[in-house]
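First the structure, then my questions, so here it is.
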Amino acid sequence: MAAKHDLTALDLGRPARLEPDLAAYFEKCRDKLGFVPNVLQAYAFDNAKLKAFVMMADELMLGDSGLSKLEREMIAVAVSAVNHCHYCLTAHGAALRQRANDPELGETIAHNFRAADLAPRHKAMLDFAVRLTEAPDKIDDADRQKLRTAGFSDRDIWDIAAVAAFYNMSNRLAAAVDLRPNQNYHYTLRDKPPARPAAAVAAPRARQRQQPSGGRRKSRSATVV
Amino acid sequence: MAAKHDLTALDLGRPARLEPDLAAYFEKCRDKLGFVPNVLQAYAFDNAKLKAFVMMADELMLGDSGLSKLEREMIAVAVSAVNHCHYCLTAHGAALRQRANDPELGETIAHNFRAADLAPRHKAMLDFAVRLTEAPDKIDDADRQKLRTAGFSDRDIWDIAAVAAFYNMSNRLAAAVDLRPNQNYHYTLRDKPPARPAAAVAAPRARQRQQPSGGRRKSRSATVV
Amino acid sequence: MAAKHDLTALDLGRPARLEPDLAAYFEKCRDKLGFVPNVLQAYAFDNAKLKAFVMMADELMLGDSGLSKLEREMIAVAVSAVNHCHYCLTAHGAALRQRANDPELGETIAHNFRAADLAPRHKAMLDFAVRLTEAPDKIDDADRQKLRTAGFSDRDIWDIAAVAAFYNMSNRLAAAVDLRPNQNYHYTLRDKPPARPAAAVAAPRARQRQQPSGGRRKSRSATVV
Amino acid sequence: MAAKHDLTALDLGRPARLEPDLAAYFEKCRDKLGFVPNVLQAYAFDNAKLKAFVMMADELMLGDSGLSKLEREMIAVAVSAVNHCHYCLTAHGAALRQRANDPELGETIAHNFRAADLAPRHKAMLDFAVRLTEAPDKIDDADRQKLRTAGFSDRDIWDIAAVAAFYNMSNRLAAAVDLRPNQNYHYTLRDKPPARPAAAVAAPRARQRQQPSGGRRKSRSATVV
Amino acid sequence: MAAKHDLTALDLGRPARLEPDLAAYFEKCRDKLGFVPNVLQAYAFDNAKLKAFVMMADELMLGDSGLSKLEREMIAVAVSAVNHCHYCLTAHGAALRQRANDPELGETIAHNFRAADLAPRHKAMLDFAVRLTEAPDKIDDADRQKLRTAGFSDRDIWDIAAVAAFYNMSNRLAAAVDLRPNQNYHYTLRDKPPARPAAAVAAPRARQRQQPSGGRRKSRSATVV
Amino acid sequence: MAAKHDLTALDLGRPARLEPDLAAYFEKCRDKLGFVPNVLQAYAFDNAKLKAFVMMADELMLGDSGLSKLEREMIAVAVSAVNHCHYCLTAHGAALRQRANDPELGETIAHNFRAADLAPRHKAMLDFAVRLTEAPDKIDDADRQKLRTAGFSDRDIWDIAAVAAFYNMSNRLAAAVDLRPNQNYHYTLRDKPPARPAAAVAAPRARQRQQPSGGRRKSRSATVV
């Protein structure tokens, strides 16, 4: 596909000279991912905006939480599907395929999470995230109670809400500026795995709060967007 | 992803004994694609239903038309994106990647056709298809006139409408029975092409009525679904 | 009402020379109904399209099914009401008045099926058909289960879905081309019946699978559209 | 169709003893129409409510206006179609068939006014009425200006708005109480007229303020609902 | 804020010479409120229209009912919030603050009644009113039954429906003519009350049918709009 | 109004011990506003979340921009009105009344910005913000171009989008946790100003980039939420 533009539909001027910590962050992206995610490049016209975005995105998607990183990507993708956000479906679709190590699960949630074979916990989580996306003014105690019944703590509910809300922001900013995704995302984890159990996703046995995931920031955890 | 079921959420009984022409059609699918598309397997509990579906789908998607086969797949995918149809986005997403020989274009239209870099002809075509999907009761002469202005003949308008309408049917049948896509579709044409111009899609010079389509396209044309 | 055009808003050229079986079908329409339904005349610019449409429509509306023909017309009309389709409400409104031998039931479903005095079976059936029309992406197992609870088999569910989906197609094609209904439909079965029980519709005692309807293709059964 | 109830789904107690002017109004209905419209019978549990409703309905639909009575019925029916109001589509559908002396125009507007062959004045009028019904919060000067361009005075705009708004009220009250229409409406003016020009509706030459309406119209004007 | 216009966006000509009872009504407004509500001034171009509106509004909002006047204002404001009606939110927002003697409750319902701390009776009442506003065609027995369960009689249900329906009318008329609210409403009961229990609203103990409210028509009861 | 809870519907545990810079921020709030905004208190269970939120909110609402702070509050309130967010309408409604020094403008935008008397620049700005809120997937070049035509630079467009997107996030988080606004907001700037021209808002002569804002504005700028 020919590109309408490289990054956004806006002429935002020259990138700012990045502050040292942000320059280091970009360098880390290049090391780990091979590229700087376009959403960061778009924000890079202004150090303060870029920093605020990175801080919030990283805290939400990589910070300590009762939700696994996979679960947070599931929310990101399910919300972005409702909003038909090309950038986020591409970038977080790739992240979800990776986190789940399951290309099909990633694509299914990008299409319609109701078609995926989800554990009740994940069904409840995405039902809430999507309802919050579509009809925020109608959320009430019954909705919160369904999450508690599905095993989520009140802090988990905050996190589900915060991640779903964040992608309602990102989807809209991406749409408003017609943000292009990095080409690489399209081709990430597209191979059919030879022996893929994926059972952990389909039927998680327990809360994955403290995943013994060792090096928490593995190669793909370096950045979130 | 674990499977909720193999084919549909319904217990439709044993497949019918296929009539000879339908058996031959299935055989052709296996030869050319390596599998029988699940929508056909779902319909296979009844010869009459299967035959009617195959006839209509093949006529619409492979029959003579002022729309290229690629254009018809674009409509199929854009409509299915609005309806969040997992089966059709998977199956026709794969077909669109193939017809366009462009994985990124296929994914972009599956996300939101407005994010794709489309020629005005294709933008107008998909605008109409999506409006017909979302608000059929509001279509009027002004909508038809926009298609004529974009270079479509009245017969082309019929075809755009017929294909868009057909996927509004298929999307709903697939949703109603929770139709699973064949796994293969997820992995079709996912490689990054080493040197991809794709200009033909982005800026078609002329009506692609009689594409001198080489052997590869022929093989895919054997079945439509 | 003056006519904007005779048939459709499109100039589709001269009707095709009908293939013998289609010509015979048109002849049968004229014999039984006194006219050829306009949707068939609209399709008649192309034999292949006409044949595919007739096959599917007849299979769905007249073929063997656990749903009575009356029930299938109820679905057709309830779906067309949601989509505000003038052609289908006129043509299938007439068919529904005839099948039910109840002009008021026909009109009520054309307005809003919730205002009709329906048996629970029919309420469940139309609830599903309308939900599939309005929010296909939200259908899930709970929706299917409600149909089973109302006494429908899984094959019946397929048929409910297939008929509802088909009219989501037909409604959109009719809207896209501004299809005019035959004038006769407006005046079909409009008389107040002198002694009309209609109890069979309001409270069907049993599944009407094998209606002892003798000549299954009575005069009005000759064609479906 | 069997009746769920005679009048409404509510048990509103015995009808009030009508005040003399209301009793006379009911008597006039019986004389002219042969029955008392059910909406009036529903309101009859309370003299004050009945009187307020009759006053407003009659003023809007029969009072002096730059809109003809036919035009006001067109608005009533177009609004009721959006709201899928069975009572109003039945009662005002009948009134519209009579006012237009055109059964087909009445049915078409009850289905979807966009399918009717309307003069630009009427198209603009119903576009406004339906937009006001669907998205009242989005009406702005541009919408009002379209009516002026179509030849309406500012007083006419008030009347279009007032009639459209009134049926948004009536539709909701009827839905809330499940108001049944009188059976007679279903069978009013259903015959095909032998020689029907209908040109006056399709292409009105002039403002129909003071229609020299013959005796027949007078009889119908006695009551509005 | 500068005013786009004084009253409405329409040029409706000079006010009519008010009939004596209406002139007295306006005088009463000036005495009690200090001004004539703009909706009345807007209607004042025509005595018949003004009279019909006043009769209906006063009957609904001030007449005898199982609903307290406060409850009726709650419905008015909750409906107007859905329809984003500036006039009604301003005028009835002020009335609700006064009736409740609680500025915060008034503002909260004007924003989103689900955020207010409401008794179950009031939650059920506003759920119904808002559903009737948003989806009148979907109201059914289950909705009415919820009101009965919350303690409402069938006559109360009529009144809830009638008030909700009335503001669906008023909201639309106000939007259609861009009706300006009187400035005074903005500043009515805005002070923080020093010791405000408000418990009666938050948790009403009993049906407030016969409020021992003494002078039923207190100063602010003089007019309703 | 009795309070359902003090802060949120969630039990998030004890507030965290604030890091020094956040503790100082809270102290500044108490000094300048007299209280800590509840959204900050809600976030205060976790230093990292609180810090990320404060950074982003302050950068967007108080940072350097081609949009005045008043304009940014206009966006915040217009978006929150679409989403019916009680917290944001209360808190930012108060901020908007202050920034504009115009209680009526603040309330009007909280009801429906289309009812406000806005300069074309502000009408275009809020049209975009609301469209981005309601239909982010439909934004295209034409929408961006309207902003440029209204005098906005591409950097301004980014800021409009970023602020509108941010409140789509905040609105949803507030709804998800049922965040209560501080009582004080309800009573902020509610007095009718004795001589209020407000012309600067209604018809701004020039870009208000560097408002020579006196001491009073400065005090309010200390915190944003």
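We call the chains A, B, C, D, E and F, going by the order they appear; numbering starts again at 1 in every chain.
Here, a residue touches a chain if its C-beta (ideal position, glycine included) is under 8 Å from a C-beta of that chain, and two chains touch if they have at least 3 such contacts.
The structure presented is a predicted model; accordingly, all values stated were derived computationally and were not measured.
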{"item": "Minimum number of chain-to-chain touching steps separating chain A from chain D", "value": "2"}
{"item": "For chain A placed onto chain F, the superposition rotation in degrees, Cα atoms, nearest 5", "value": "180"}
{"item": "Centre-of-Cα separation between chain E and chain A, whole angstrom", "value": "45"}
{"item": "Centre-to-centre distance between chain B and chain A (centres being mean Cα positions), rounded to whole Å", "value": "29"}
{"item": "Multi-chain contact residues (two or more partners), chain B", "value": "84-85, 112, 137, 139-140, 178"}
{"item": "Touch-based graph of the chains, sorted into line, ring, star, complete or other", "value": "other"}
{"item": "Chain E - residues contacting chain F, complex", "value": "1-4, 81, 84-87, 89-90, 102-105, 107-108, 110-112, 115-117, 178, 183, 186-187, 190-192, 198-199, 201-203"}
{"item": "List of chain C residues in touch with chain E within their complex", "value": "112, 114"}
{"item": "Chain F to chain A touching residues, read off their complex", "value": "9-13, 45, 48-49, 51-53, 55-56, 59-60, 63, 83-85, 128, 132-133, 136-137, 139-141, 144, 154-155, 157-158, 160-162, 164-166, 168-173, 175-178"}
{"item": "In the complex with chain D, residue positions of chain B that touch it", "value": "137-140"}
